[in-house]
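You will see two complexes here that share chain A, one where it goes with chain B and one where it goes with chain C.
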Partner chain A sequence: MSSIDAPSGAPPGIRVAQRGTMDRVGTILPHVVVLALLVAFPLVASSYQVGLMTQFLTFGLLAMSLDLLGDRAGLVSFGHGAWFGLGAYALALTLERLPGVGGTYLGFLLAALVGGGFAALLGSQLFLGRQRVGGVYFGIITLAVAAILQLVVMGWSSFTGGSNGLYGFATPELAPGLELSGTRTPYVLTAAVCVAIYYALRLALGSALGLSLLAARQNPRRAEGVGIPLGRFQVIVFAIAGAIAGIAGALYVPAGFVSPDLFGLTFSTYVIVWMVLGGRGTLIGGFLGAIGLSELETALSGSFVTLWLLMVGILLIVVVLAWPRGAMGALAAVTRAIRS
Partner chain B sequence: MTPTSHTLYPSSSALGEGSSESREGGVWTQEINNASPALRVVNLTKRFGGLAAVDNLNLTVRRGATHCIIGPNGAGKSTFFDLVTNVQPTTAGDVYFFGERINGLPPYRCAGLGIARKFQAPTLFPELTAAENLFLGKVGHLSWNRLLRTREIPAADTEVTGLLDRLRLAEQGGTRAAELSHGQQQWLEIGVALMARPRLLLLDEPTAGMSPRETEATAELLRELTGGTTTVIVEHDLAFVRRIADIITVMHRGQAVAEGSPDEIAQNALVRDVYLGRKSL
Partner chain C sequence: MDATVLTQVLNGLSIASILILIAVGLAVIFGLLGVINLAHADLFMAGMYTLVQVQDVTGNFWLGVLAAPLVVGAIGLVVERGVVQWLRDRPLDTLLATLGVGIVLREGVKLLFGAGYRQVSNPLPGNVAVGPVAYPIYRLLLIAITVAILVALAGWLYRTTPGLRLRAMLQDRETAAAYGIDPGRASLFAFIVGAALAGLAGALMSPLVTVGPDVGIIYLARAFMVVVVGGVGSLLGLVGGGVIIGGGDTLAGYFLNPTIANAAVLVLAVIILRFRPGGLFR
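After this line comes the complex of A and B, so read on.
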């Protein structure tokens, strides 16, 4: 269903959201709660926890970009972690050669450009011809691309550090004296970027363009029949998702280490799991799924050294069976039930 | 002037330098001295292996006409629509739209030029409301900027609400398309095609699966809504065709075997034989 609400005063027959005060509160409250938690977290948590949460936020942003790709372009990437890796390496390699404020901003820019540009290049080959690639074939191609990139990164050790990854590069610096070191500053930057991207995407998807994307995913043939350039839309969404994933990867760099594992199958699988657990088609679902599952894993792995992965696996199966639309889908169903 | 500058479509050269059409204020205008027919296909052929679904077809649709195409199943009628809108590539032959060759243009660009199509089976956006479906009928003519800036759709759009009303779907504007009855889906599909204010409307079996009463209503609806728009209709219901057609082409085995006014076609013994399967051409 489109997220576009009809205004009040519309003619009869048109779906009009009859928004009372309670509805407005119900709509705004979750946003306020999440934003408040983001603000309060570094004030109440330990430095260690804040550092971990910063990483989890980058994972959340990555899952958000995959959700965008799936929900609005009908494409599921099995190798989406590779775009995260590209962004991380772009910033780390830049900082190795050009430390300081300039290198930091150039690195972030390159992270977005490399992620978005590579996706656009790949997408233009896959979606613009008469014989388009979609569905599981697209997933397999992205998986292959990720594997190839991992091989390149591991093999080109003089440039990328090989299987050891990159470490020891300069600390990113937002302004003279304002380094992305410690835990608080990276957290604030990462949280701010996540919030900004989330609301920018919401704004864009709530427009006629978002409706067109939704329509194209539901019925591609009809969409082209009404003049929607499906292939171009897919390339654009893929590029935007790739750029966001690249930025997420760059935000991971203040952790001080990037490795070829970011291009690996395991990491990309996690991204899909986060999105599925959190709930597809909501943007925020994958984001919260990444944070929630990462936190859970951290907690379980401390207490159940050998069994925690099994527990996470069982949880995934249960959630998929019980709530096919993930936690956000379940939450929406509960909310609807309460309202009705 | 091309109609598509700053829209989703690239500035189209398909209309050609000599074209005199423009889309001003959302309405297509044409200079009357341009005598090109709305649609002309020359030696159009589509082969699937050894089978010629459309075989050397020559057909001209004059501007403003309601041109019906009849013929038995497998005559190549729907394939003809596929070739005009380039849903399938042609094997041979040319398609001219208001005098300009449009072979090879992707379907979304054909839509951008002003060709709207209703498919045989309803192919709506099932999870979207009737109003949203109608709105999407015209997004192809909106610029990227307008697409991004347009919010609060479709209730605020008077074109959408007006057309819903004329389609007898005013009360179903907020209903998901998948929940509409078959007849309502067919009407909505016609509405989606009309929403783009097309220069050429292609309707593939608009009364398929309808009751006699719904068919009657559809005929009225088409007369009311398509006035002046060049319309090509593929249809099996001969009574319906006789009521709305200006000209009828009979197709058989991918070829046009007869053409004329409804009365002329009704008198044509050969056509009766072919259509009723009594003679093999």
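After this line comes the complex of A and C, so read on.
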């Protein structure tokens, strides 16, 4: 029945005509499951686990923004952690100077603005020029940009705390008396923001902008031929991805500590690994990949860390070579097999 | 020439030649295969560890320098056959897969040799007089070796049949294949040469740095900048990139603090790419 326009094969945001109750249930069910898990987790897990999960959710949001960039603009940032770092430092530095509710909201706003603004600035230099910078060069440039930012953050210690990072800043406060302390409140806020951004992105990807971008990625020359301003759209997507990464970084701040490692290449590499293993081009794949892999890594004790990373490296190679669609692709294949 | 100026010029030359030495393997693979090898920094690191191991066993630094390109070239062979050759039409995926190769090398070294740091002593301590300045012998030697490598590469590419084959493949893969050139073999060869050069650079650099599993990452961004600023696919570009980045570093480092100098040079590189994405020397 659904073999012609199988919804599972369509990119997120593409509305495919749905036929039959089974198909509809099959489409909605995963959403219900994930949302139910998000709600149930803080009710059953220990406070320590909830605290960890809050961090993992921010990583998931970061991986989601990277996937947005990769899927719709054909760009993979190899220094995406830097945008997360910008957001985290924006909020932490604001709270240092302006504690309380006002500082919290100003900090979150700055995190989004700095992340988005920096991406827009860099993107306008790279994509609007006479000779547009392509995907591979974009990877190197973002890698270099993260390296620059890390140097600046480490060197400018009077402002950024240098290699010690920042700590001891005021606890963010959502409303008078409602502090983002402990584990429950930050978890609820972070989970809510992740859900909101995910569905907003799905809506946006189904819009004219999202579809034009998809067309442009599939055949850039032809898309430009029909009048899609590819460069401008790439700047917009980069800015959106940067802003989301900044917000994700700000959500990381209630953990109480930000360090220049967020700008390091290791962290950015992690983000790429989460996205690729989770499944590219799905938005949710990177999100779930970040959470799943971070949980696994925590579960394995310290002595296994090197072995674990070795396995991650091997998995990354194997997935890119043999299964480019990652875990979500595998899941979709299994679902299709069961249905037919 | 004034002694201070001469010292700065020598420093600039030394840093530029070190950067060229580190980047040359990357440039060979990028220029000839169009592949950005994100495992480059870790091949560089593997060269250092080869040297350390050989030196531990034999007590001879120079044997280590000989062994490093052989061992790392062999790693390159495995990487090209196992990974890179399958991703010819997926440049972005090559980046991702070689990133994975880098992780495997890094963590593999940690498993085999531990995560600790090693110090390699300078095999040629002491200075030699250059006009009014006494300059470290080893750094002068590195400048000479870099020049020798570049000359050898140019000779290989422009004066030998394998070089001719590679250049033919670079211009038009299919036509070259029609003339009986095996593109697969030529690609493999180029990748091995690039990896071996990374290993050689690592071995030669080891007395100047603290050897550790993560040492390569520090140089990765810099090496990329040298290659892309100069322009992909030309040895002249590589030299130009090294001189601009290295010379800029020295010049800026003389007037500014090192952090700002580092940042300023990388910003300069991004600006150059903005206006000349193909590199300056193309």
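As a convention for this text, the second predicted complex is superposed on the first by the 303 of 340 C-alpha atoms of A that agree within 3 Å, B and C clash if a C-alpha of one lies under 4 Å from a C-alpha of the other, contacts with A are read in each partner's own complex, and residues count from 1 in each chain.
The rule is short, and it goes like this: contacts are C-beta pairs under 8 Å (C-beta built on N, C-alpha and C of every residue); 3 or more make two chains touch, one makes a residue touch a chain.
Since we're looking at a predicted model, the values are computed, not measured.
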So which one touches more of the residues on chain A, chain B or chain C?
-> C
Classify the contacts of A:L211 with the two partner chains as first (chain B alone), second (chain C alone), both, or neither.
-> first
Scan A:W156 for contacts with chain B and chain C and give back first, second, both or neither.
-> second
First (chain B), second (chain C), both or neither touched by A:A63 | neither
Is A:V76 touching the first partner chain B, the second partner chain C, both, or neither of them?
-> second
Name the contact category of A:R222: first (chain B only), second (chain C only), both, or neither.
-> first
Of the two partner chains, chain B (first) and chain C (second), which one does A:V136 touch, if any: first, second, both, or neither?
-> second
Quick one: classify A:A144 as touching chain B (first), chain C (second), both or neither.
-> second
Taking the superposition as given, does A:L230 touch the first partner, chain B, the second, chain C, both, or neither?
-> first
In the superposed arrangement, does A:L316 touch chain B (first), chain C (second), both or neither?
-> second
Shared contact residues on chain A - chain B and chain C = none
Please give the residue numbers of chain A that touch chain C in the complex, ascending.
-> 74, 76, 78, 125-126, 129, 131-137, 139-141, 143-145, 147-148, 151-152, 154-156, 265-266, 269, 272, 276, 306-307, 309-310, 312-317, 320-321, 324
Chain C to chain A touching residues, read off their complex = 36, 38, 83, 86-87, 91-93, 95-97, 99-104, 106-108, 110-111, 115, 217, 220-221, 224-225, 228, 257-260, 262-263, 266-267, 269-270, 273-275, 277-278
Which of the residues in chain B end up touching chain A in this complex?
-> 8-9, 85, 87, 89, 106-109, 111-112, 116-117, 119, 123-129, 131-132, 135-142, 144, 146-156, 161, 164, 169-174, 176, 192, 195-196
Spell out the residues on chain A that touch chain B in their complex, using ranges where they run on.
-> 1-2, 4-7, 10-16, 130, 204, 206-209, 211-212, 214-215, 218-219, 221-230
